[in-house]
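After this come two complexes, each holding chain A, first together with chain B and then together with chain C.
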Partner chain A sequence: MHQTFNAAIELNLLHANQEGADHNREHFDRWGITCLNLMSSPGAGKTVLLEQTLAALKDKFEMAVIEGDMTTELDADRLRKYDVPVIPINTGRSCHLDSKMVAGGIHTLEHQYNPTDFDLVLVENVGNLVCPAEFEVGEHAKVALLSVTEGEDKPLKYPVMFQEADCLLITKTDLAPYLDIDLERLTANVRQMNKDVTIIHVSAKTGAGLSQWFDWVGDRLKQNQASLARQI
Partner chain B sequence: MHETDMTKALILTVKDWYYSQPEQPKIEKIHLIVGEFTCVEPVSLQFAFEVQTRNTFLAGVELIIRDIPLIAFCHSCQQEYQPEIGLQYSCPDCKSPMEDIRSGRELKIDRIEYSAVANSVVP
Partner chain C sequence: MHQTFNAAIELNLLHANQEGADHNREHFDRWGITCLNLMSSPGAGKTVLLEQTLAALKDKFEMAVIEGDMTTELDADRLRKYDVPVIPINTGRSCHLDSKMVAGGIHTLEHQYNPTDFDLVLVENVGNLVCPAEFEVGEHAKVALLSVTEGEDKPLKYPVMFQEADCLLITKTDLAPYLDIDLERLTANVRQMNKDVTIIHVSAKTGAGLSQWFDWVGDRLKQNQASLARQI
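Let's turn to the complex of A and B:
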């Protein structure tokens, strides 16, 4: 006789990643570090934004970058000019960072530097509009970038990242006049699924909007430090 | 692409369960629940599962994926609605932004269907 049984499992498939992310965040919290996870499709301007951010804020905050470049160190090399630790993660062929990879970066931070010296860790995720949104790495806030060349419909088509973002940077706004993009429509599309996200229009080329972004980073850091102080 | 990673997580979990059983059973089906508002594509998941389980204790096991639709709740209208993925997420009646997702974010192993190995069946 063939008898079948059922074993209830009810386990989240992302459980292991989530546990790793929580663990990473505990490390950051212990060291008083705020971690931001930068996500976008390939080429939306993450590295350029990081370059500008490091240049503008490195005298104000102690920063480090965890760089999730697929296979090369091209992005990491661009960032090293700013004299802040840049920890490359070789993601191999993976299309997103996961908490285990970032744990490797945290390990480097712990053993090659003095982690309590840092205020801010910026993670550049792998260029991909879909997958990084599902894999938390231990960040305190998610920053999504969408360049004006990608079109106003992208938030509707790839909703998860936009729904999860705490800050959305609309990048390359200097190019908007040459395109048919409807920026109001874009904003409305994002608002459909995320009413609280901070939306900032920036151009790394002209510098427009960057000071707003720097302020957001500063505020987020202060907020986080205040909430950590309350926990202690 | 990340379906590969999910499949790894899935296989590991099932493996843990498998070896924690007093007698290794014959796994027949694995039931998954995958929400529509996730980055997981069921077809890719099926494919990755098939490829990664070849020549393992899970070879030939059937993966059954239950899709869960995206359902949101509008607080202004006090009612549930089904957003149209790719088109519209706000409430169709009052246009309030989608805020409260009631289902559609699931990504989990629901249950494992198995039969006892023939010689270990206690009548």
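Let's turn to the complex of A and C:
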């Protein structure tokens, strides 16, 4: 968010985005889709997590990916190998996905596929620990990633991301022995921002923690489907 | 930058910021100060680089730091130990420093210190690989940091930062043996964005490359002072 704007512009902007996000979520709900929004700093491991998630869960759930990047389809190309629909969105100079951009992705899903076929849409946001947390895109849950290389002070310095997250993946735990990071302090700092967030430690390299993440995804999906069934 | 804005608002915003940046630079020039703007993703090592720079150069140059963070004075407190003026700016929800915020820091420098005493002002921006590159704050040179843990694709995916940088520090090189990073590919990707940027590989842990960085700072300062002398 750019503090240079006056409060009225900022309020209008977030209000319009929220309306768009609610509208996107109505689409997902109608089709029985659960949507997760993955957010982190650049290089924390969102794409490799998605690769491993698609590989592990693609026989269990019907999945699609909405892939946000400022430029390039490098990440989209990595994910297409897993034989699931990957819808790329280039944000240009924008530092985050907003609900309007994701609406474009939903439009593609609706017109190029049969949207009721899908159980799960995974959104990979632009790498940024600040703004993506403020711009809801229609997701049912927010997943934040923080690499152990980023340091234990980050939850205090970038509070919104940690306050908003439903699940926090502490990634690259295989590197912890080579760093001075204090993982207990990191956990305490996360808890200071958000006492309820599920924290999972993972390593894409060793596979540690991944089954716990897959279980979380499955549980979140079941929970969402049960909630939708009650509404009908 | 938020693409949700219309082009007119965006242009006004960047224009107003640029005017403020030019004004800030006039102040620095009048006082004979060289200003460097340090930018990177969260956790790439800006603060530790500043700690080592203050320790190494404080007997050689008179330095001050303008320290940007969304919240907290954690980084400012780390730097105050080096007995140089540290002026904290909390950006609140803003994902970058803008020229107006830095003008506030310059005001403090002017009224609490004797600004002509200083040779070098180091600005530590908010951790974000996107927006800080678009919002000039009055610096004479932009310094970007990219940690080896972030991956070799980042210059392609976050082009503006790499296009704008005058000096790029590849940090945490001591971790490279534990990663799958291809450093030659990384360099090629940087060069694709910016053929002139100075690239320095550093490790805060082993000290590798730091003397090259200190030399770059000294050279940049001399170059700026020579340029100012010609203008008088």
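Throughout what follows, the second predicted complex is superposed on the first by the 219 of 232 C-alpha atoms of A that agree within 3 Å, B and C clash if a C-alpha of one lies under 4 Å from a C-alpha of the other, contacts with A are read in each partner's own complex, and residues count from 1 in each chain.
In this text, a contact is a pair of C-beta atoms (placed from the backbone, for glycine too) under 8 Å apart; a residue touches a chain by one contact, two chains touch by 3 or more.
Everything numeric in this text was worked out from a predicted model, so none of it was measured.
Applying the stated contact rule after C-alpha superposition, one finds that A:231 touches neither chain B nor chain C. After overlaying the two complexes on the shared chain, residue contacts for A:193 are found with chain B alone; chain C is out of touch. Number of chain A residues touched is higher for C, counting chain B against chain C. Of the two partner chains placed around the shared chain by superposition, chain B and chain C are both touched by A:98.
Judged by the touch definition given at the top, the superposed model places A:7 against chain B, while chain C stays out of reach.
Of the two partner chains placed by superposition, only chain C is touched by A:42; chain B is not.
In the superposition on chain A, A:160 makes contact with both chain B and chain C. Chain A residues in contact with chain B (one complex) as well as with chain C (other complex) are 2-5, 9, 13, 16-17, 93-96, 98, 130-131, 134, 156-157, 159-160.
Here chain B touches chain A in the complex through residues 1-2, 5-6, 9-10, 12-14, 17, 25, 28, 32, 37-40, 85-90, 97-99, 107-116, 121, going by the rule given at the top.
Across the interface of their complex, chain B is touched by residues 2-17, 93-96, 98, 130-131, 133-135, 156-157, 159-160, 163, 191-195 of chain A. If you check the complex, the residues on chain C that touch chain A are 1-5, 9, 13, 16-17, 41-43, 69-72, 74-75, 91-96, 98, 100-101, 126-131, 134, 147, 149-151, 153-154, 156-160, 172, 174-175, 178-179.
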